[in-house]
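I have a structure I would like to understand better, so I am pasting it below and will then ask my questions one at a time.
Every chain is named by a letter (A, B, C and D) in the order it is written, and numbering of its residues begins at 1.
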Amino acid sequence: MDNILSILIFFPAIAGMLGFVVDKNSAKAYGVSVAAIELLLSLWLWVLYDGANAGMQFSEFIPVISEFGIAYNVGVDGISIFIVIMASLMTLLGMISLDSDLKKMKNMIISLLFLEMTMVGVFLSLDAILFYIFWELSLVPMLYIIGAWGGPTRVYAAVKFFLYTFAGSLIMLVGLLAMAYLFQVESGIWSFNLLDWYTLKLTDNEQFWLFLAFFAGFAIKVPMFPFHTWLPHAHGQAPTIGSVILAAVLLKMGTYGFVRFSLPILPDASVEFTPFIMALSLIMVVYTAMVAFAQKDMKQVIAYSSVSHMGIIMIGVFAMNAEGLGGSVFLMLSHGIVSGALFFLVGVIYERTGTKYMSEFGGLATVMPVYATIFGVMLMASVGLPLTIGFVGEFLVLLGFYKVSVIGTIIAGSTIIIGSIYMLALFKKSFFGPVTNEKNYGLKDLNSKELTVLIPLVLLVVWLGVYPKPVLGPIDNSVKALLVQMEDHAQSESTKEAIIVSKKEVK
Amino acid sequence: MYEVIAFYIFAISTMVLFTITVMSKNVLYAMTALAAGMVMISGFFFLLGADFLGVVQLIVYVGAVMALYAFSMMFFDATKDIKEKHQNPSLAFVLGGLMALVFVIMFSAPIIGENIQALYPVGLAEGLGAFGNAQDVGLVLFTKYLVPFEVAAVMLLVAMIAGIILAGKKMDYSLTECEASDKELEDEILKGGAK
Amino acid sequence: MESLVYVALFAPFVGSLFAGLFFARSPKTHLVGIVASGLLALSFIASLMLAIHVAEFGAVHVTLMDWINAGDLSIPFGFLVDEVSVTMMVVVTLVSTVVHIYSIGYMDHDKGYNRFFSYLSAFVFSMLILVMSDNFAGLFIGWEGVGVCSWLLIGFWYHKADRPFEENPSISPSWAANEAFIMNRVADLGMLVGIFLIYWNIGSLQYDVVFEALPNLKDGILVAIAIALFIGAMGKSAQFPLHTWLTDAMEGPTPVSALIHAATMVTAGVFLVIRANPLFSLDAVAGVSFFIASLGAFVAFYAASMALSARDIKRIVALSTLSQLGYMFAAAGLGAYWIALFHLAAHAFFKALLFLGAGNVMHAMDDELDIFKMGGMKKVMRGSYIYMGIASVALAGLPFFAGFYSKDAIIETAFNDGSFIIWGILVITAGMTAFYSFRQVFFTFHGDERYKALGFHPHDMYKYVLVAMAPLAALAISFGWFMEDFREFITRNLPDYEMSHHTHHWAWLLGLLVIILAVTGIVIAYKKYAGTGKEAWKRDEVFEQSFIYRLVANQYYVPKFYDEFIVKPYTIASEKFWAIDKAVVDGSVDLIAKAFYKSGDVSRGMQNGNLSSYLNWMGAGALLLVVAAAISAFIG
Amino acid sequence: MEIGIGHYLILSGLLFSIGFVGVLRRKNLLMLFFATEVMLNAVNVAFAAIGNYYGDLSGQMFAFFVIAVAASEVAVGLGLLIVLYKKYGSLDLDVIATMKG
């Protein structure tokens, strides 16, 4: 299984291609089985993965345009492996959750499979051009999913999503090309290999501009304040499956980009920019949480809460220590699982009632107790209750960030207060109280299809909350290696001071 | 001195004639003025010692091109005055006037004239001037400009064929009635076939 | 011994899962209640055995597994059973067992019977984690765990609708639950900051490592840690200004109030201060400790004053809990940790008893809470009357009952410490306590039978429930007799607190003063409220209109203040932010898009299909180029 | 008074401007052709003049090729005009406004 990564990337694409000839009625079964195989493959990757080794594993390198050092170059480490697994898990669950009489089911399945290819590709690429290709390709299926199956203003939302993120990533492309050029100037050969770039020492000025260029691409994807407004539109209009994948995986591309590109390539600029990022992230955490509180639409609450949580992830990335960075990588996973599950849950009620407005609900706990219970579990994970997956990451991020700024930590920590305010308000409005809307009396509780989707997520939430070690261990190893690499690579003393390398040994 | 007088006569007459071409409502007047203007232009060529060019101007322009115009005029109704609507009648004059002004300023400024230099002074450097203009042209045309010359020749041939095809397609009946006559033709053929 | 620790810890968890997983959707069955109670009894027995073991052989320390390992941080699931935690364990499991058995009767008619036991057992599990954990992160797990269980249990009757503040100050169970959760979270943030401070200054969260390293830290950091941890304690123990949730939490079922909001969870803050005594007894943080004591005294008085006028039977008990928590903090802040813990335990017993008695009354009165509508119920509810009488006597601090020993010790401590203001407040509060607790008893059980006119037919609780309450009653009477044994046991772990000779000399006089005040309070209450017929109590409308009465009855307008100055501005700010988000942040993005659209719309006019106008445009362009050429020729 | 290159260039510019006015002003396609002929001739004069004053035959050569191109343009263009006229019955650009976007 030397080329397991290539199989992981291209299996869904090939299967998607074959999907065109599959019969319309068996499309869903086909999609589910392909996604299941993909999930098994990614789990198999985890089995093969050596958790004690912090570096890149299963690397493959095939030169494509050797004059310019562009190659098909993939590899996996502790930071990316779990996001890949989560992406394939979310795709599988999303496929299962599809309504079997969805119109144009075949197109949906094929889009999802292509989307899966691009998602896995982004997280496994070690070549900047390859990364960029997957990064941009991921927009296309998503654009189609929102545009074809979305709500009333879906076209506006889809186009906004596409153009906004596209504009950002074009600036990022300029940054990537500039980076390759600088590398060529320095070393005489062209290379788009990330691991090569890690060794390049750039001047402050170059780092400054490159950081800004990368920032444009990543920050819009995250989405950081004030570039976040495409997200509520996209979530508001997207079908459930689109929201799930968007929140669970696509947003993580942004933070992953910061971890993979900005930090190790531009350590000095990253440290220099930390106050700026911190300011934006803190605004993001508090401001969007308050906006979430004002929402009338259940899905929008979750969409804005997503933004708020991404703010926490961002400050963790820029904490520059193993606790914060590891925590934020873990939080990417937990946010993916939890917000994905919450979007699934909103989808459930939307499917039954055709509305997402909280004023239409009230007293749902009486009518749909199982639904309310699972929603409650996810809500608690979302507000970061210990022994759920949400706490581990959030705790580590805040802990790590404390070293950077005490005031910042207190402001960011207020997420545990304001986060619970909007989440509990949502829960109270929708689930508690008497059943106010007569239409809701006849609502059916979760059916077996929905339980199949949600139970694994609940189990994950609890399992990784109680015993995060199997996941946190590899993440921690790779993160420590990254920090050591950053410190070696940093040029100014103040940067070296800001980066805290663990005292424990790194293999 | 004669040169000066000739220049001014030619200059005034070309400008007047071309103005008529541009302003006239009647196509025939315009064409006649154009042809006359062309002749005057050839005068400049003779003045400038480009005898061969002057001759070509007379033959090609005044002869061939104007004849083409004249013949093509038979397809259009040339007796009627041309009615044109002008939304911004002054716009053309303003722009044209500005253009003229710029040219005059540009060319009357000494700085421009001084900057113009001969890159390939063929005639003088190679001592061609001795034989007279036609020979010189011939020499240069068939040595240095041979390839463009041949290309131009081919181009003219192509243009000729294109002109014939475009203009000569179904010369026997009007293109506006083309569809109707096509139908009739088809009907006839069908009838014939049926018979 | 390890297995005993796990039995004590996980038995309630098993009970919770048993009820939650297997019976969540099935109709109510007593099996659930009996199994859950049995498992808790098992946990109690295990705790008791552990207590004996600890008394003989010292602390037990076990580590289950690693939890979080990241960077240099390493948090295990470790459990420490020493004198302090085992005391808490015994108290918690004992009260829980009684409350569980009580609930079998109390929740008999409730549809959510199975669910209730699931939540209640889960709460006990969380509480045990809180007290048994050997590190601050583990403590925080329990800390948040009890918070969630409290949220679930306060909001147990979630289907009740919201009512306006004037009708019901708690609005609705779900509202009260959210309030409790969010207010606790405010304090939890402080706690988290304390944990971060400890980690970055010491590098570990294990109690033993932290306490050993504390003296080496700078004073400023120590003070910061102490303040942060105490903020955490303030939330859980409902100290001013984070106290409003506790009275609203009475919306939950009464067994919940007895267990969570009287005996166990609310004492977690006190437990934290006791647990972190090496920190709070440092000289550097003496200021913080004194603040704790002062705040405790203030809350004791503040809550007692509100209890004087309350009409809601549960609110009275809740406010008395608040007041007693103030006593505990006063003791802990003054360094008398073992006395605080002793009062904590004694209070747990008599307050749980009091709550359960109040629950009996409510049950009998069809969930009517207004004591003005009761009266003379001792005839129909003899058992409950006796229990509540015992509990009230203990609470009032009459001699030979549990409350007398513990409360007297606290008052004595304040005197000994020389903090006469605190001492004075505590003494006065003791008198008030006696008055309001007996006001409640007399209102409920003596005087005219006002309920009859309102059509109630009260009856006492099931016999087995009353029997189950007996251990609490016994302890409420007798717990104080073991004060010296307890002191010997606990001071192996906690610092002893010695009264000076001077204080010893005055001790009997101080005790007498408190007793006199308490008896006076009881007598006044009796005169006013216990009479029948002609001497019966009548509402004094004029007095109820007075400023002081209204101030106290409205909880000093603190909830109103929160509503007006925190909740409403927050809501408005949120709405405003949303509007800004749509109009400014999103609007500016749309503006860019619109600019492109507009320019396209405008320039579309050029494409009118008329070659002539194209030529005009081209001409203008050509002119521009010529001009540009001219300019460049002149310049260059 | 000597006639210098400047005279010729100015003349050429003026003639070009006249043609330019024609191009802008006329709406009849045939007249547009005339106007372009005027412009081409104006340029030819400039070429010939420059060639002469600098003793370089390249100017004449250019003028020569311009004439060749103009001739072919007229041949093809007139063919197209005839087709157009047959189709629309007019050569007025306002009538043949088919390129509206």
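Note that in this section contacts are C-beta pairs under 8 Å (C-beta built on N, C-alpha and C of every residue); 3 or more make two chains touch, one makes a residue touch a chain.
Since we're looking at a predicted model, the values are computed, not measured.
*Asks:* Using CA atoms only, can you tell me which chain is the most central one in this structure?
*Replies:* A
*Asks:* In whole angstrom, what separates the CA-based centres of subunit B and subunit D?
*Replies:* Measuring from centre to centre gives 6 Å for this pair.
*Asks:* Approximately how many whole Å separate the CA-defined centres of subunit B and subunit C?
*Replies:* Distance between chain centres, rounded to whole Å: 100 Å.
*Asks:* Could you put a whole-Å number on the gap between the CA centroids of subunit C and subunit D?
*Replies:* Those two chain centres are 95 Å apart.
*Asks:* Between subunit A and subunit C, what is the gap in Å from one C-alpha centre to the other?
*Replies:* That pair's centroid distance is 37 Å.
*Asks:* Send over the residues of subunit D in touch with two or more other chains.
*Replies:* In subunit D, 20, 24, 27, 94 touch at least two other chains.
*Asks:* Show the residues in subunit C shared as contacts by 2 or more other chains, in ascending order.
*Replies:* Only 616, 619, 622 qualify.
*Asks:* Indicate the residues of subunit A shared as contacts by at least two other chains.
*Replies:* Not one residue in subunit A touches at least two other chains.
*Asks:* Can you name every pair of chains that touch?
*Replies:* A-C, B-C, B-D, C-D
*Asks:* Spell out the residues on subunit B that touch subunit C in their complex, using ranges where they run on.
*Replies:* Where subunit B meets subunit C, its residues are 88, 91-92, 95, 98-99, 102-103, 105-106, 109, 111-112, 115.
*Asks:* Please output the residues of subunit C touching subunit A within their complex, sorted ascending.
*Replies:* Spelled out, the residues of subunit C in touch with subunit A are 24-25, 65-73, 137, 140-141, 144-145, 148, 151, 155, 158-162, 172-175, 178, 181-182, 185-186, 188-189, 192-193, 195-197, 199-200, 570-571, 573-575, 577-578, 581, 585-586, 589, 593.
*Asks:* Quick check: in the complex, which residue numbers of subunit D touch subunit B?
*Replies:* 1-22, 24-28, 30-31, 33-35, 37-38, 41, 44-45, 48-52, 54-58, 60-61, 63-65, 67-76, 78-83, 85-87, 89, 91-92, 94
*Asks:* Tell me, which parts of subunit C touch subunit B in their complex?
*Replies:* For subunit C paired with subunit B, touching residues are 616, 619-620, 622-623, 626-627, 630, 633-634.
*Asks:* Per the contact definition, I'd like the list of subunit D residues that touch subunit C in the complex.
*Replies:* 20, 23-24, 27, 32, 93-94, 96-101
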